[in-house]
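One structure, pasted below without further comment.
In this document, chain identifiers A, B, C and D correspond to the written order of the chains, with residue numbering beginning at 1 in each.
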Amino acid sequence: MAIKKFKDKLFSRATFRGITAIVIFVIIWEVGARSEQLFGYRFPFLGLVPPPSDVLASWGGLIGDPSYWQSWYMSFLRVFGGFAAAMIIGIPLGLFMAVNRTFYGMSFPTFEILRPIPPLAWVPASIIFWPTQELSIAFVTFLGAFYTIVINVLGGARSINKQFLQAAQSMGASQWDIFRRIVLPATLPSIVVGSAVGMGITWEVVVAAEMISGGGSSGGGAGGGLGFFIWSSYVGGSYEQIVVGMISIGIAGYFSSELLRQLGGLLTPWLKTR
Amino acid sequence: MSTQVKEQSAFSGRDVREQSASEIVATGICKTYGAGPFAKDVVRDCSFTIESNKLTVMIGPSGCGKSTLIQLIAGFETPDQGTITMDGRPITGPGMDRLVLFQESALFPWMTTYDNIMYGPRARGEDTKESAELAEFLLNKVGLEAFRDKYPQQLSGGMQRRAELARAMINKPEVMILDEPFRGLDNMSKELMWEYYAGLYEEDRNTNFFVTTDIDEAIFLADRLLIMTNLPTSTRAVIEIDIPRPRRIEDVVNSSRANEIKKEVMTLLHEEAMKSFSGGSKAAADFLDAYSKRAG
Amino acid sequence: MSAVLDRPATDIVTEGAIRIDDVVKIYDPDGAAVMAVDHCSIDIPAGEICMIVGPSGCGKTTLLNAIAGFHGITSGSIHLDGELLCGPGQPQAEPGSDRIVVFQNGALFPWKTNLDNIAFGPMMAGKLSKQEIYDKARAMMADAGLSGTENNFPGEVSSGLRRRVEIVRALMNDPKVLLFDEPYRALDSLTKSVMHEALLEIYYRNKVTIFFITHDLEEAIFLGHRLVIMSSRPCKPKKIVEVDIPHPRDYSVLTSPRFREIMNEAKGVVHEEAQKAFDAGEKEG
Amino acid sequence: MSNTLDSTAGPQGAEVTTMTLTMHRVSSWLKSPRPYLMLIGFAAVLGFWFLSVEIWKLPRFVDMPGPTEVFSEWFSKDPYYGLSIYTPEYYKHIGISLRRIGFAFLLATGLGVPLGLFLGWSKSFREYIFPLFEVLRPIPVLAWVPLAIIMFAGSETPVIFLTFLASFFATTLNTMLGVESIDESYSRAARCLGANRWQTFRHVVVPGAMPYIFTGLQISIGVAWFSLVAGEMVSGQYGLGYLINTAYMMIEYPKIIIGMITLGIVGYSTSALVRLLGDYLMQWRVRELALGDN
């Protein structure tokens, strides 16, 4: 049954149309990028971009290159490090803000004032503060996911159906039991949503931080990563590798989100029954 | 009336005589929400008694303070004035002795049917063999044994309500409070639920307090019927419903006694609508509209 | 009492007769064919209030959607005043302002005021001037006791009032048929009873054919000329009950002996189907 | 649909004027503990900053600029590092950042909203375009930086392009979701009432998607600032991101903090502006929500 469904989906009209559009996109890109060779006239914008065939060739060459995979590894390490820190600090903080009115009143306005400052604006301050560059990247990465996670946890916990709490209370549940068995599972879906969004932001921040700290003024030394890979390709003039880097980050980001979605699905089995 | 019953109640496994006197008395309660220009009297000088071992049904126009009264009796909120006592002791907060079944199903969506039923005992640290057995027994009782590992979302409306009844009964409450529990069910499932619930009640005749806006539901279920006024709410009339138990839908529907009561209740509610029209309630405006057309 | 004599509606109204002939609807979502409507034939004379009674999710709405033109039928045909709506050669009817649906959860546009909602149909048709349309809309609102709520948004008024606005919005277009899809389901029973009278009131003034889906037997008998009781899934007429209580009706009808008799007659059949659905534990539609 | 107390409060609510309503809100806010807790919160953060940097001189904090240093610079008529609310340079940075944001945001809205509407409305259009959209979306906007510099001449266009790109994805996606979220019965009702396809689009699809569009625009303005700062830090002249980055390189640390705080204020104001515009265009929602509020 499941296989049949998958097959149906694979050969459906929608899949065909999607693939058609992507193929057309790639062809336009290829033709546009080679426009100078083909027509003797350089198309605006596209004419300056490396063609997909060259990108693919360049990628083929990189597959066997350990330093390319080292970049993957470094970025993943930073993303998951920063993300894990954001979860570990953000979830309890969000829950505590939701449960304790006094703490909420004190911390939420401050939180709301700091939130509009884009995480990347923290980069220089972070570099000054943290002893190593690695730590400063980690801090900015953490910040990226942190706000989203806290806001989602807080929103989820505050919108719990009051009747759930009252029902539990009238059955003699203790405060701790209500927290553990009602508040926590009721907030879980928003935690999952918050982390998925947070994961996307984390990738954005890591790439940027790697580019700024690696390629910017601070003199490199942050030790690679896919963002640095792109930047050094740009500085080194190998434009195909820029696109390879972009696609690699896209793939990496997609898989991290997918991983999170699957994990979230396992944690919230009751949502699937809807 | 049930004090003579000697044998144990089949489903709660509890001696019926134990709970002989759980009476709730509300005296002169007032409750206002909001402040300043938004202050709104919801309950004003309201007194009534929920007699022990009887099924008391409260009926009133929708949007009147019935849900507020439930919050007060359950102890989730406190009245601004007046007292509510249970067996003479004032009610100060939520307690195990009074259990509330809510308007929309409040089954925890993240727990299976069985876990939902077991919630009460587990929350109190009574995750014992006896509780588990009782849970199984109740699952059977409400006909959900095949659905014990399903989540609430996978159950039909009627099944959800039955699961919720079981979740309440396992805690052996002295008083069961039901806030329009069958609202939102389609009429056919609703009638089946009436018979079902009446059957459960007739088995051990606990003190039950049932709030509704449905006249037929009220008359079919009630031993005593409290008719409430529109906002601000107080008790308008009390009618003893003397239709013999056990009741069946067909019997009650066809009885002339039920029809008489229905006419009486409709008249009272109509008057309420007329009175509160100047209060500006939209629901009341609807009433007035229709009733005045009927009269003219 | 003769059923024909007691229908003041039918001898005045000449438009809006619906003929549902041997209609079958099969859904095919995941390769598993589900029959929603099974060889269903109903003949509704012009100006009749025809109540379609059956448990939730039995496929009544499928029938309604086919008449309205929201989706097609697999076989059979539906005619309106002898004209083919859908059938051989035309699997799906074209939605039009001669058949207007009043939806289960209400479909007043929340972003338009009550008055703009009511004026919507004629404005789209563009046959009258804006002034004429709004004058007519105001007059109709006044008739239905809706004066004073013209500039409110639907979200600001009570749910009972919203339902009335929706019916007036439909009547603005002089439809031949009104299709009701359990419109009072979400209302509590006291408000509901008020709405029934309001609906009859409007009906006595604008006699149109009414195709009304419900699972509430009391509602069905109180409103209808005729009850078509459906079997649960696939949907098929199981029993037709004539309601020979004379119109105009008011609430005293509910406690009349004849009402009880009809109730008992219908109840057995309905109960059986409801029990089936109850035991099967089907999710409600 | 519940007929609880809140929803019946309609008629009385209408009689209360906006003025008394605001007055009441303000006075009840002042009576609640909230403003005082808020002040305690602010004081705690500022106090910690002040104490750790300027009094206790904690190990890692010494390098950081302290609050007195920052604020005296910010409000000084003769700033030591040449940047305060009295210098035209400060407003030039703000102005240029705002101009970039405004341009990119308008462009993204102008293209993203119609595209999103069509994606949600036409199934075949969605089937063609959406997969391509989904393939491009996981690539972080900032990974486009070098490519943008290659593709667009000058230093201004790449920054605007990046900002646009981030906004564009957020706006389009939310608009599409908005159209998909519209209850089918609304468009069915419109067709029943004789509206043709175009009229349905105009009277149902557009207003129905409005709440989601504005949620999208809120997100969009947020990510626009996010990528603008990154873009300005990497390339470009002037702008708040550029200010922060150059201040770091020139070791003019107080300017970093001034830049950050300014970014926060300006960023918050722009998103408040979008929210106000949304409220203005969606009166029906504001009035519905107001009923449940009092």
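Rule of thumb we're sticking to: a residue touches a chain if its C-beta (ideal position, glycine included) is under 8 Å from a C-beta of that chain, and two chains touch if they have at least 3 such contacts.
Worth saying up front: this structure is predicted, and the values here are computed from it rather than measured.
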Shared chain contacts [chain B and chain D, defined touch]: A, C
Contact pairs, highest-scoring chain pair: A-D
Centre-of-Cα separation between chain C and chain B, whole angstrom: 33
Interchain centroid distance [CA atoms averaged], chain A/chain C, Å: 50
Euclidean distance of C-alpha centroids - chain C vs chain D, Å: 46
Between chain A and chain D, centroid-to-centroid distance (C-alpha), Å: 19
For chain B, residues contacting two or more additional chains: 62, 103, 154, 282-283
Multi-partner residues of chain D (at least 2 other chains): 3, 7-8, 10
Residue ranges of chain A touching chain D (in the complex, touch as defined): 13-14, 17-22, 25, 45-46, 48-49, 102, 105-110, 113-114, 116-125, 127-131, 200, 203-204, 207-208, 211-212, 215-217, 226-227, 230-231, 233-234, 239, 242-243, 245-247, 249-251, 253-254, 257
Interfacial residue positions of chain B with respect to chain C in the complex: 61-62, 147, 154-159, 180, 183-184, 186-189, 191-192, 213-217, 250, 253-254, 259, 262-263, 266, 269, 282-283, 285-287, 289-290, 293-294
Chain A-touching residues of chain D, taken from the complex the two chains share: 33-34, 37-38, 40-42, 44-45, 60-61, 63-64, 124, 127-132, 135-136, 138-147, 149-152, 222, 225-230, 233-234, 240-241, 244-245, 247-249, 253, 256-257, 259-261, 263-265, 267-268, 271
For the chain A and chain B complex, residues of the former touching the latter: 161, 163-164, 166-174, 177-178, 181-182, 185-186, 188, 268-270, 273-274
In the complex with chain B, residue positions of chain C that touch it: 55-56, 145, 157-158, 160-161, 185-186, 188-191, 193-195, 197-198, 201, 215-219, 250-251, 254-255, 260, 263-264, 267, 270-271, 273-275, 277-278, 281-284
